[in-house]
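Everything on this sheet refers to the single structure shown next.
Just so it is clear, A, B and C label the chains in written order, and each chain counts residues from 1 on its own.
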Amino acid sequence: MTIPTQLIINGLQIGAVYVVFALGLTLIFGVMKIINFSHGEFFTLAGLAVAMLVPLLRAATGLPNWAAYAVCFVATLLLMAVIGAVLFKTVFARFARDPVGALIVTLGLSMLLQSLFSWFFGNAPRKVPPLVPGTMSLLGGRVSYDRLIIFALAIILTAGLWYFLQRTRSGLALRAVSEDREAALLQGMDDRHVMLAGFVIGSLLSALAGGLIAPTTVLTPLVGADYLTKAFIIIIVGGTGSIPGAIVGGFIVGMIESLAGFYLDSTTALIALFVLVSAVLLVRPQGILSRVAR
Amino acid sequence: MSAAPLLTTSGLTRRFGGIAAVTDFSCELFPSEILGLIGPNGAGKSTTFNLLSGFLRPNAGEVWFNGSRIDRLRPAAISRLGLVRTFQHNSLFRNLTVLDNVLVGATVSTRTPVERLRLAEATIDQFDLLPWVNEPAGSLPHGRQRLLSMAIAFATRPRLLCLDEPLTGLNQTETAKVLEIIKRLRSDRSTAILFVEHNVRAVMNLCDRIIVLDQGRKIAEGTPAAISRDPQVIKAYLGDAE
Amino acid sequence: MSRDKFYFTLAGALFIAALATCLLVRNPYFVQVIVWMALNVILALGLRFMLLVGEVNLGVGGFFGLGAYTAGFCVVQYGIPALPAIALGTLVAGLASLPFGYITLRVSGHYFMLISFALTEVLRLVYTQSKTLGGNSGMVGIIPNIPAFPALVVVMTGLTFLVLVYCERSHFGRVIRAIADSEAMVRAVGISVPNTKLMCLLISSLVAGLGGSMFALANTVIAPGDFGFLLPVFALAYVKIGGQSHPVGAVLGTVVMSVLAQLVIGLGAQDTLLFGAAIVLTMLFMPEGFIGLMDRVLARANSRGTAR
């Protein structure tokens, strides 16, 4: 009975990071109605930056691994916020509500950024050493402390985002623009500010996901692109622009990847995901949890 | 009118969440008739329109058109049976020329390209749009765009033409023009017309019969003269400045 | 000179130059570049056709691959000659698009774009898993026993161009553009939008399949990596950079970007950077593409030519 439990634990942990990443993508879609093909690059940059900075900081200050990680993580996020705002003003703002144009420009941006990362960070895979070494047993399976921490952080982040969207004024503005932009405009909301906020928060979520997996995966300049394909599947399954959908979809995809990846192999797992997506589209075209009525 | 009704609805009901937009709407419309549907804001006129033309499914009730039941059909199928509608917004193809617009309308009502072109040109002429035949539709002024959207619908050779607020947002001259065209269509008498309108005076002048909705229910039905004297109708409109 | 006349003449000139290169130039490298360009033109045209109805069909990459593997399989396993193999590849791609379109076209544009993207990627993964298709190493020995095969490719590209322009200018093309403009109104005049979109997808996929089949035979070697999502996304970039509003734009964009790609090859790893930068800069500063720029020049030339 250990194997299924282990798989479930893995699935939940993988899924939690997918959720954070997909939430960012779906948030950006919600406010700007575009699919950001360069969403994975924030993920990659954050992961690589943390992986590069942690050893440097440790060498300079002698801080323990987890402390260096925390500092670098926060610094990276601040940097990401600035980069996100700059990219929004220079590139993304004019492609709002233009899916084809956004697709192409974000593709070009993604290529551009990937080669910049390749040049700056080199192609050698990087990894952050474990924050808290060791594993513990949980319900018959084993889970490393690191993965547990990551899972907890991801859940806290998701809950924080939920709270932000449901209970704060800015969050409500974001939701208003996502659901019915014209009504929101009529009520005097400035959708430019909302889009900027939505984009930066969405990109920060991507960066957060990248920073979170840094201790557990090897990072290369291409790691974000892989996550991106899965994120697309997640938001198809959950519904583009749907927050609950991204959460449910993220865990479903994480679980399928864990289970199918063990019993079959990772490639077949992706194929299985595609079959799932087709099934969902056949039965419920707007996604499992989307609220768009027919 | 001893002819059989062209359109019959019975018990048509549609709810959105907890709100009943249309309740128990029943009516008959006869061939060649011009029927007006009026009512204060929020009376359910648009919803009724969408229910008849297949863009909304009713929660209860039936719609019969020309002997077939249509309330479960998709809009394209209903159009092919002869019930065609216009929209208040987006009722034409802005990036296509006037001619292309009407040619698209003539797709299912003709069989050869020659026939299609002939019908399109005749229809454009009927609606006094010939001078702008090669202009992009989006460049036309409002009133002419309205006429174009009616022309597109008319090119389908409908048995029942449903006009969704054709006079809204038009100035005096434009309104007069649209009314003139509708009068011309009426004397043609091959097509029945169902009108949803806010402009009560126009409706009184043009329609054979009028149905009045208020808060989703039919409150009156009859000739313009009878309606204008109906106390229920007057009460319903008391809050509405016209 | 009218817009059409100018652009079609330009396209004609490019076509003749390409054909002449394939028939007369001895250097196989140039010929290969021309063939690769022609196949990308086919892909771009197929994708652009679907854009007319308002849908971004990133599945053209998958159908390109399907055509390639079908044609390759026919030639290698059954010894079927080149032309019937190409026909079969085209047909299989077209047929495969029907159930796909039936399921996916009923959803909104964003979904279709995403799931067609997923289709291309998943098909690529399926090829890597299939031993009969050669798995990760792909298929070799797809040899066309036709003299002047490159010239044939260019001719087929030209024919495809003409067929697609004809479709676009027909009544069918009119209805397609109307759908992109206002789906509701098209429904209201009795036309079945799902059926029309499906027809459009079929044409787009047949074209992609044709391109893929010829790719397999022109390259003689294919591998799953050739058919990933970058293929359709580049094709889309070519359409946008060339200019979406005219079919010749797809040709122009492909030619210019292919030439650029050849020029940056020598720069090593920087080629992705330059290519990506070129795409971003074009999208930011030249949204109408080359056609847009040329339209403005043409308009000025025409107004000056008009007698005062």
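Criterion: a residue touches a chain if its C-beta (ideal position, glycine included) is under 8 Å from a C-beta of that chain, and two chains touch if they have at least 3 such contacts.
This is a predicted model, so every value here is computed, not measured.
A.B. asks: Determine the chain that sits nearest the middle of the structure, using the mean of its CA atoms as its centre.
C.D. replies: Taking the mean of all protein C-alpha atoms as reference, the closest chain is C.
A.B. asks: Which chain pair shares more contacting C-beta pairs: B-C, or A-C?
C.D. replies: A-C
A.B. asks: Could you give the separation in Å between the centres of chain A and chain B, each centre being the mean of its C-alpha atoms?
C.D. replies: The computed centroid separation for chain A versus chain B comes out at 49 Å.
A.B. asks: List the centre-to-centre spacing of chain B and chain C in whole Å, with centres computed as mean CA coordinates.
C.D. replies: It comes to 43 Å between the two C-alpha centres.
A.B. asks: Would you kindly tell me how far, in whole Å, the mean C-alpha position of chain C lies from that of chain A?
C.D. replies: Distance between chain centres, rounded to whole Å: 32 Å.
A.B. asks: Could you list, by residue number, the parts of chain A that touch chain C in their complex?
C.D. replies: 29, 33, 35, 37, 91, 94-95, 99-101, 103-105, 107-116, 118-119, 229, 232-233, 235-236, 240, 267-268, 270-271, 274, 277-278, 281-282, 285-286
A.B. asks: Can you name the residues of chain C that touch chain B in the complex?
C.D. replies: Touching chain B from chain C are residues 171, 174-175, 177-178, 180-182, 184-193.
A.B. asks: List the residues on chain B that touch chain C in their complex, please.
C.D. replies: These residues of chain B touch chain C: 53, 55, 74-77, 79-80, 84-87, 90-96, 100-101, 103-105, 107-109, 113, 116, 149, 152-153, 155-156.
A.B. asks: Which of the residues in chain C come into contact with chain A in the complex?
C.D. replies: Counting only chain C, the residues touching chain A are 51, 56, 103-104, 106-107, 109-111, 113-115, 117-119, 121-122, 125-126, 128-129, 229, 233, 236-237, 240, 269-270, 272-273, 275-280, 283-284, 287.
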